[in-house]
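Letters A, B, C and D mark the chains in the order given here, with residues in each chain numbered from 1 onward.
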Amino acid sequence: MNETFEFNARNMATYNEYLTRYDDVESALLPVLHLAQEQNGWLPEHVINYISGLMNIPAIKIKEVISFYDMFYDVPVARNVVHVCTNITCSMFGGREIYQGLLKHFDTGYLTPTRDGRISLQKMECLGACEIAPCMRVNNDFVGNLDLTSAIQKLEELP
Amino acid sequence: MTEKVNLTWNGKAIQAEKGSNLLKAALDNGIEVAHYCYHAGLSVAGVCRMCMVEQDGVPRPFPSCNATCGEGMVVRNDTPKIKSAVETTLQFHLLNHPLDCPVCDQAGECGLQDYYMKHGVYDSQMIDKKVHKEKVQDIGKNVMLDAERCILCSRCTRFTEEVTKTNELGILNRGDHAEITVNEQLKNDYAQNLVDICPVGALTSKDFRFKQRVWFLEEVQTTCIGCETGCAVKVSENKNGAFRVKPIYDHDVNGHWMCDDGRNIYKHVSSPTRLASATENINGLFVPADELAIQATLKGKKAKYILSTGLTVGEYANFFKAIKGSKAEVALYTLPNLGVEFDGLLKRGDKNPNLRGAKAAFEAAGFDHTQAALDKMLGSIASSDAVFVVVPEILYNEDHFNTLIKKVEKAGTRIALTPGETLGTLRSFNYLLPVPSFLEKNGEILNYQGAARTLRAGLSYGETSKDVSYYGKWVNV
Amino acid sequence: MKDVANYKDYALLSYHHIPGVHNLEIFERAGGYEMMKACFLKDPEAIKEEVKNSGLRGRGGAGFPTGVKWGFFSKDRNAKKYLLCNADESEPGTFKDRYLMEKNPHILIEGMIISAWALGTQKGYIYIRGEFYQQAVILERALKEAYAKGYLGKNIMGKGFDFDLYVHRGAGAYICGEETGMISSLEGKKGQPKLKPPFPAIKGYRGLPTMVNNVESLAAVPWIMRMGAAAYKQWGTEKSPGTKLFSISGDVNKPGVIEVPLSTTLKEIIEIHCGGMRNGNALKAVIPGGSSAPVFNAEDSYSVKMDYEDVAAKGSMLGSGAIIVLDETRNMGDVLKWTLEFYHHESCGQCTPCREGTGWLESVFKRRDTGKSQKSDIALLDKTAASMRGQTICALADAAAMPTQGMIKVFREELEQYVTTTGKK
Amino acid sequence: MILKADLYREHGFLKGLYLGLKITMMTMLRNLFKHDRMTLNYPEEKYFYSDRFKGKHVLTVKEDGTLRCTSCMLCSTYCPAQCIHIVAADDSDKEVEKAPVSFEIEMLRCVFCGFCEEACPVDAIRLTNEYEMSGHAEQEWVADHYELAFRKSLNGGRGIVSTVDDKDRLKLRL
């Protein structure tokens, strides 16, 4: 697949602004990867090569970073990424049953997009919102005090 | 010289430079400290956690590879606490390690096997499912990768980052699913060093794959003749042949490394097509011949010798002594310069192993070693001449040598003294006479600095008693 | 409650009752940034001295006195130095930093400006975890406001002191909460901790001196400067002075973040501040300081005073102050299983004892799923956890081993019974 | 001297002779009809040694008929007579990875000590209870892996399957 990728004008401006924040180029890698992932949805090989060329960082180093962190995806993910917390407090209140229930309901697996490409479910560790356990992150917003039906209903509304 | 400090390790007093690496000081003084990720030629990673030591006055054990030598330190790594720590850390190393010893080339020289014998738990508690990763991957430049055997000591990633600076290897993922992998195929010229520094069988050489078990091999310490650098190497061989070449640590010339070209210098020594005895070329067929008959045909012919730059200083001296007083003409064939002048690490374009030794010997004997002298001799070859050509052992590009052979064809009798097997290119010679290869002779060659690098003889795989000087005597007969 | 900060009861949440305090004007009207301006008139060493005397201890988890830590920092003011705020907060059960930054980002910014002035750092980053996207947006806007007002950037308050402060988002890795792990992540690498020594105060981010402090520690600096170290010592005990943010979750009626003086008893926190146990169940156990703190049984939970010394005396650690309350219906085997799964997933994989150990702890404890479990697995778990401690570059191995050993020490029979009953999900 | 001299003195020559022959006749008749005698009519009747007997080697095979031997060279290392010669090569199946291209035992050098059986980590070589290995002097006395694994006497040429390894090891450990 010889698709190409490059930052659109707005992201290129943001990229240059990022460079001014740090004293060396490598430090800007994480913010740049967030930027690229927002534009492309996930980080395939050609995005890695583009960033490698842009920032003069060896491609293997970028692959290492992408595979290390939970929030960078080297597999295609859907438009809406849903993080379901399965850590101690949330599991006490049924977080894991909700996760399994959602998987069964949307008939999908870890991170694989649903057939209509709308939703990707990801099993995550503590999201830092234990007061509203069990909770979920739907596109950067916390949704708490869930049960299976309210979770499904919340995800059905997503575009 | 920096200031020396005294410290005691397990009760034994040792000396080391101030601020130098504590583990290096122990290893240099022959103290056995288990370690996987520390390598003298690389930066400190401190991830295998095998080299833990205790120091008086320091509450917690700490890895000795990340510590520096200070005056009066009392360090121990034989206390029961450290012993059990090393034992359990080794068990952690072995937890997800596959049971591959029967099919693994590293068996016999594997870091896990060695330390297991000394520090093993001997009754493993592991009955759970091991983590599986990708096995048998060919990652180019004769290197095979098996990510499952890897103990993630990161020596190879540090090597490609610091020594060759090509950043080709990396560790993906997190936790015990972390896996060594390559971005694309390996491209650097020092890839086989990865095989040497990998303490386990994760990186093995494709050229040596399943050829021989290492406990059947003995090692000969000699010098690489691949180019003028003259790296210190050891060749592993046994009666069936030579199998591989590995570098030896040498402070002045090659440090811990050697280049990939040098890895193939053993191939002609024990190859089945190596010349065994004197042979005669009867219209294209090489048939064993009797030396006396060859000497007979030389009578009355004018002898001309074209020597290669691969002989040792001793051989040149003996040769010139042998032809002393005779009317024989001698010239030197120097290999052409190949590739980049110097690649910044070890590899050099000048592929003549002993150019300086040859020039010195020629001048001492009053002969001209320049290319012009060689051309003059080639130009004046008549059918009444008998030309001896010493074939260079390592021929990187044969066509330059072939042009020499074409010019020699005008001679009456053409004799090739070949240590190797290059029978293909020697069709136009009348006689082929065997000479010993670099692995079968003791002597010295002068490398690019002019420093003497010793060659040592290992086992012999052909007629090795007759060297160039033996054939030099024929001219007076 | 008028729009005026309540400095008497709260050091950190003194502005939280004021609506819209995330806007700079409202924050300033309530008394914000006054201390920052006052501090610029003071000598930096005096500020460091004041923080040292206040006895403020690091609120991230280790509880190392902040003043002492600042003492290690290089004093050469024109050398290039960094101030990092550790807002990674991935310790399970902890959400105090998020609560603080969401409502009142400016108290953190003010605290960092004062600290930067005291330490002489020219650049600072707030390393916030990737999952806190909205909080990063709030911080970003607050920083823009501060830049607009001239509290950040070049020549602050005309003292020729430059300080640039940016937000840097992580991307979901618990290990980046560890000091050197965060520094590696900030350098654009995998968030793998660095070998210590050298410590970050001497050689940290890009090999330069770097000071890393938790959100709560930095946010407490303005109050300490305003009311003085002595006032701060009135709260808590001699060794653990001041107030602490506790994030309480689990089986309580009102989970959430509270700010109470240190060495308040846990009993009081649960019954008064959190409205008692959820639907009246009896207390079974409490995890006092986040998932890496060994668990207390019911009896210890009621007697313990929440400060560094007493919690440690009872065999646990205050850690990040994340209290998870478990009532009698909870099964400790499940809690241990989730904890081990967490550490197996979050180990960075650099050091062998932790990389393989966390994975094995989990699979040993899950042997009942494959039908091969037996009672002695608990003893094996204990031995393996013990052998992991103190062997690695960072404390994640210890953070995985301590709760395991703590759980085994307190609830051994229940775990053995849990392990031998196969098939129970 | 006469054996059983007292017998003759007691019964006289004829009776002594009769008693002697009686023993021989009784034995002959018994052997003719009762067949409990020790001797075996080789080759019709053959003696079967127990499995412990260290006779001709066999290279066991897996279920799918391929050699179990991974050519790890432990047997040739351990062999006191150094008569086992193995050449290993890459195997196309990634699971197997390494398999012998040739496995030869010089039968005349082998002392049948069974060390190779002990050394083998995967039960690839065993010593069967076969003892008939006679042959002409000039014949080729090197048994190749075809003869060692698939000779007629081994399960009709299909080879002896050793399952002690795969299923048990996988069930137990991996």
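As a working rule, a residue touches a chain if its C-beta (ideal position, glycine included) is under 8 Å from a C-beta of that chain, and two chains touch if they have at least 3 such contacts.
Because the structure is a prediction, the values reported are computed rather than measured.
Using the contact threshold fixed earlier, the set of chains in contact with both chain C and chain D is B. Centroid distances from chain D, each centroid being the mean of CA atoms, peak for C.
Highest inter-chain contact count (C-beta pairs) belongs to A-C. Rounded to a whole number, the gap between the C-alpha centres of chain B and chain C is 54 angstrom. Averaging Cα coordinates per chain places chain B and chain D 47 Å apart.
Taking each chain's centre as the mean of its C-alpha atoms, chain A lies 67 Å from chain D. Multi-chain contact residues, meaning those touching two or more other chains, do not occur anywhere in chain D. Multi-chain contact residues of chain A, defined as those touching 2 or more other chains: 61, 64, 68. Shown for chain C are the residues that touch two or more other chains, namely 173, 190, 345-346, 348. Applying the touch criterion to all chain pairs gives A-B, A-C, B-C, B-D. Per the touch definition, chain A reaches chain C in the complex via residues 21, 23-31, 33-34, 57, 61, 64-65, 68-72, 83, 86-89, 91-92, 124-131, 133, 137, 140-142. Note for the complex: chain A touches chain B at residues 58-61, 63-64, 67-68.
Taken in their complex, chain D has these residues touching chain B: 70-74, 77, 88-90, 94, 96-98, 121-122, 169, 172-174. Of all the residues in chain B, the ones that touch chain D in their complex are 99-103, 107, 126-127, 129-130, 135-136, 209-211, 213, 215-216. By the touch criterion given at the top, residues 167-174, 181-183 of chain B touch chain A in their complex.
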